[in-house]
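Look for chain A in each of the two complexes below; its partner is chain B in the first and chain C in the second.
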Partner chain A sequence: MAEMHAEGGADFDLSQFYQIFFEEAGENLDQMEQILLDLSLENADDEELNGIFRCAHSIKGGAATFGFADVAELTHHMESLLDKLRRHELTPVPEMVDVLLESADASRSLLARHQAGEQGEAPSTADLVRRISELASGRVPEAPAERPEPKPPAAAAPAVQTPPVASEPAPAAASGERELMVRVGPLEDLSSADVIKELFRDIPGLGTIADAASEDASCRNFQVTTSASNDDLLDLFAFHVAKEQVRISVLAGGDIAAASDTTEEVPYGFFPDAPGSPGAAAPTRAAQAAAAESPTPAAHKATPAKAADAKGGAQAHVESTTIRVAVNKVDQLINLVGELVITQAMLAQNSRDLDTAVYQQLLAGLADLDRNTRDLQESVMSIRMIPMSIVFSRFPRMLRDLANKLGKKVDLVTLGEATELDKGLVEKITDPLTHLVRNSGDHGIEMPAERLAKGKPEHGTITLSASHQGGSIVIEVKDDGRGLSREKILRKARERGMDVSDQMPDADVWQLIFAPGFSTADVVTDVSGRGVGLDVVKKNIAALNGSVEVDSSEGYGMRVAVRLPLTLAIMDGMSVGVGDEVYILPLSSVVESFQVNNDDVNTVAQGSRLVKVRDEYMPVIAMEKIFQIPRDSSEKSSNIMVVVESDGSRIALLVDELLGQHQVVVKNLESNYRKVPNVSGATILGDGKVALILDTSSMVRRARH
Partner chain B sequence: MQSILAVDDSPSMRKMVAFTLTGAGYHVVEAVDGQDAYEKAQAHDIDLVLADQNMPRLDGIGLTRKLREHPKFKTVPILILTTESSDQMKQAGRAAGATGWLVKPFDPNRLIEVIRKVMP
Partner chain C sequence: MNINEKSGATTSPGAREYLTFRLGKEEYGIDILKVQEIRGYEPPTRIAHSPEFIKGVVNLRGTIVPIVDMRIRFNCETANYDAFTVVIILSLRDRVVGIVVDSVSDVMEIAPENIQAAPDIESSIDSGCIFGLGSVNERMLILLDIEKLMSNADMGLATAE
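Moving on to the complex of A and B:
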């Protein structure tokens, strides 16, 4: 970074701050959305309005600084509207919430595009800007899309004529007009700025405009006399020239504003008699100042300082007690702790046979090391844990939009938001959960009339909950909608040629909805039910070593429970020996193990073997065969069966011996080597040997199909 | 080394300002809002204050007013960063005892230029 430290005049590379800005803007947008969703229009409190305003304001400031003009422009308009709201110059209406939410979405996509290196087409914000401007001028705009073109300038005139109440009332508004120098450029075609002159001709009361000399051949200068504020002028010009191309400076009418530089807005200045003012260096009238001579601050009554915002204050407090750390640093820490755990295990193993009398101190030290390592591991793992509220927080907005679109009434209840989950899992569970919630809103919850007819409350309820159960986290999506129809599912399954019977237990019938391409929706809606369905959800969850359970009662709703391991980095495993090799089975998939007699195993067609366990036949997989393990001697042979289960199906693995149960640190094999069939990862054992972790769900799938 | 108290509730702006000023050879004390700045101002030797205007808890002008009440900050230059270069804001800043203002967005070089002009 040293190259950036050059003294004044250096080219500063602002791109290093982009990431921080993107994260910050994302948080601000989240917060804005949150407040907007909670906002009660009848009695919106100042704190909330100030909070939303500040979010837009912060994003605008950052976007402008870091050069994301499109984001800055959109958020500027949002800010103007919000400013009027917080000053109570306008009363909030639902259309405002809608347009602000949509604008927040648009800002998000614009930011995402910048983050992705300007890839893809930038979403158009013209319509949003038009709607915001109309709302800000006190009118309710027409619905979007109907009029995608920006309003003709003449029609926008009333917005300008209203008293300048925006964020910065024009200085001389009360006494009348200001004289401004407006520079437009650089332009490819100078005559393209003529439309600005026409604006002044077309809009009565806007003021007067005249050409002025310009020293820059690519720019046009105009001398303008107007009572409109800079913001209003910029908004008006924005229909014709890019905002960045317009510079407004005050020639007369403002009493402090400096006018020395006529072609640029004065970017800074010093107050003439202010404490700490420089001598003659300032470019403004401050030059005459007798700097630090008059340290007395002027009357305190002069400014109505903006009320401190308790909510914002709380946020600032949180910020000062947390630090932002790159995920890869945390992952590196976790990796190192993983290595430490392995080293510790190795020491423990090697010291097992030491004479406790002789090595008392060493062994006591090793015991401490053991305990500290475990604590350390736990602490480090907790860094990666983030609360489920991060995932849940996206659903209020999604359901609101969904309910609006479908004309349904849906309440969302969230429980257990503080339940923590590994960050990696959170990222991967978000999409499947979104799918499930959407499904509930779309197919589960009935239309209000239908609900009333059934004697249910008009508002449907979707409950999202998260809780810890043992070493897993269980996330439930529950609705009080129409539930699953057993007949419909069975009928559909038969149509698709699936092997089903009327005697199937409910649980098995519900699992059918996870079959590829299966949809019980009668209508394909815009929202869900387009074939990419629950099978993807199930596959994604299975890939996280998780499982999905469904429970439903027709007419009363359904419940989908997703069970996940707490983390992907550490796993409870059972180690088994085959030949000289050691393999790890995820303990969660192990059902039972037993010693097998040769006559319990039946060989069927193509050499496949089956074993009967408690009246159930299951395929036998000989580990030494699938991993081609060499045998040095013939004395040892596999005679232990380990039954593993995945997706409700079981297989029996034939191994030599059971070695033990322990927590293993999962290392990704794919990123270090390549994908290996039947293997999901690797770990390092206490003695330093590498053991492969078996992908039991894919083994079960392979054996069963 | 001269110390600058940089106050902004936006982490990215704060980082940018701190990076710029550190590069220009100043020591930077960061604060997340006016209240935090006021507390940090008591604890450090500060040669110049650079404060954002719009912040939670205590804004730039409010911070200026509070600082000026202290003998220690009677003559320390205080610059307000603002997105509004409106005269109303300027008058409020001046009344509170601010030394000057700098309009956001600004270029890092411009920031250094302004700081050099007022740094005692």
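Moving on to the complex of A and C:
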């Protein structure tokens, strides 16, 4: 991770995030302990197992990002065990809970040591790791005290005890080759399962794959010979099918089968609380004791490590400068401030006609109130804003693993990590971004030899950048790989019967890759994969009121820019009046507005009306009609058109008047009522009344189809 | 309004308190625990394509709350909006809803023995939404299961599409 940055040349100091990581890791460990203690072994709840797994996974991810290899290694082993548990490949036994709890303690003391600035001796985790891996392979390990060697090679030692019958497949395992049965499904579209076969063809050294009979029509079975681990395979397959849909089992008595044979032969052992157990647990207890400031018998074993632990613990209390608050509390605060802003606006409106000479003080006070509420609103909104670095920080590691797996060389450069974004958006943007980065790494960047042959540097570069542009944030994923091939996309589109022409502008051609099902994976390998799931990426981003732009040059790379509003809670709106009612249009979708002449409106089949705007005919939607707006006076009528664009299509809305532009706080209509056609939400106007926000994209869709 | 006129006097085990209100000449009661607050009527924002009895939505301190006119829902002859028209804000299990009634009269405690099962009657609402008839001093109270009434599909409050 650290070297990734060095290579990428990004000047980025991770240490500023250490404190956040330590706090989060502490919370995750607490949570994990809590669930572990409540876990009922007989019928372990999937949700609980997943919860523990998530905790371990988060700590591992963070630790790896920050370069705490010892913590990452330990939690990685915990995670492997937990993964098997949650996939029901293993059934939980008390020993697992014990070892996991001890590992949690060990992680805690390791973290405390890192927090104290690497002082003192690190507690050894080798024994814990060994016991976890034994449990993970289905064995119940012996108690550490009974084992003569302190660091047995985890896999090899127990293999000796394997009876001769089971040892038959062992040579295969030793050479690394395993015979596996991979079951994929159930899937709606089996073609994505077939793509897995191409993985084996494309990635040298991965192994061989052959079709196997499947009793279920919605599933595919494959017989695989490979030296890769199950985890590596799953990660690779994850490009094409969800991990949950893949089951890997060992054929011909592989190591799992062998392991289960030995289970009965190894006696159950009891661990730990004995003084003979190495390191990990004791210092923690000492640290806890020290934190409680009550010397216990454990303290007499004081070593430099323990002293450092205690110091780390004490520091953590002093340095805790952040508090974690439930999001709904923040939202409530935002709501209240929104109310205050409305009240303030009402006061301002009512005081407008007052005589400034008489009410000078009152008016000065109101002016102060105005400024203070604005400041308050801004600060409250900023609580929800978090820096992009939180999202970006996950990519170096992911890309490094991916590059290693694919045998590519990739540098990651990140720019604009300090750019802030609404927390709700950050959560929703992470998955689409991960997909884009993975796509770039997997399909954009070429193999090193291919790059050299093209006269490019051996290392491909993927650039992630975030910046504010106007009222939106732009996140770019850029690579210097193959780029998109115009001809191939057009050819593929024609094969699929899409309406394309050679004269299409590049931008339109690139948008084709976002078409649903435009999976180019089964096409020409040059662009292979550029399209897998991209329609989902685009849909998710569109759901956030964002847009995706693609720019590419064949042979030189590709750039995907995601444009998002800064926050979901506030939107720039344009208010329009129809009859006595007020509606809000999202300003981002408004193209232009004009007074309409009767000559410009034509009818088709005496019904639908079309208007000609700058040589383009577009459907006219009369607001009065679709919202059944009552009219008091028959003289007044709508004669202003607002052109609205969504997904590249335009319609003209017929309204009475344009009232103005302002920022509106978006409120959910569905929480107490229900979804209303053509309405995306509601907001509260300056006078306290509710106005509906139009769902322009659904209006455009309805009018166009 | 003689709020809590009976409280303390006739406390019997299992007795519950009901907020009573009038719709035309009929008197109804609903579980007081479902009532969040009572406010005056303010014209709501109309919502297109909604049933006639849904008057629209109002802003209740930052929350968007739909307003149901019970008088239209229960086919009352008149549904005037004047200074005395009252909105009862209900806090139901999964939503907040306002109902418009002619007037709110009382909070009454009614013991279970004073509640009879409602006879099967022909009415504009599902008779399952009436869980009993309470008798208090010769007056008949129609006790509504407001939760059930509001979550009924023909109320059009839940997402029907």
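The rule is short, and it goes like this: the second predicted complex is superposed on the first by the 374 of 705 C-alpha atoms of A that agree within 3 Å, B and C clash if a C-alpha of one lies under 4 Å from a C-alpha of the other, contacts with A are read in each partner's own complex, and residues count from 1 in each chain.
Please note the rule applied: a residue touches a chain if its C-beta (ideal position, glycine included) is under 8 Å from a C-beta of that chain, and two chains touch if they have at least 3 such contacts.
All values derive from a computational prediction rather than experimental measurement.
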Touching partner for A:510 - first (chain B), second (chain C), both, neither: neither
Contacts of A:690 with chain B and chain C, given as first, second, both or neither: second
Dominant contact partner of chain A by residue count, chain C or chain B: B
Chain B versus chain C as contact partner of A:324, first or second or both or neither: first
Which of chain B and chain C A:222 touches, first, second, both or neither: neither
Which of chain B and chain C A:627 touches, first, second, both or neither: second
A:669 touches, of chain B and chain C: first, second, both or neither? second
Touch list for chain B against partner chain A, complex: 9-13, 15-16, 19-20, 22-25, 32-33, 35-36, 48, 52, 54-59, 61-62, 64-65, 68-69, 74-79, 83-110, 112-114, 116-118, 120
Residues of chain C that touch chain A when the two form their complex: 44-50, 56-59, 61-66, 95-97, 156-161
Chain B-facing residues of chain A, complex: 4-10, 12, 14, 16-17, 20-21, 24, 54, 57-58, 60-62, 64-66, 72, 167-169, 171, 254-257, 265-271, 274-278, 281-282, 286, 292, 295, 297-300, 302-303, 305-306, 308-309, 311-313, 315-316, 319-320, 324
Footprint of chain C on chain A - complex, ascending: 335-336, 338-339, 581, 626-629, 667-677, 679, 682, 684, 688-692
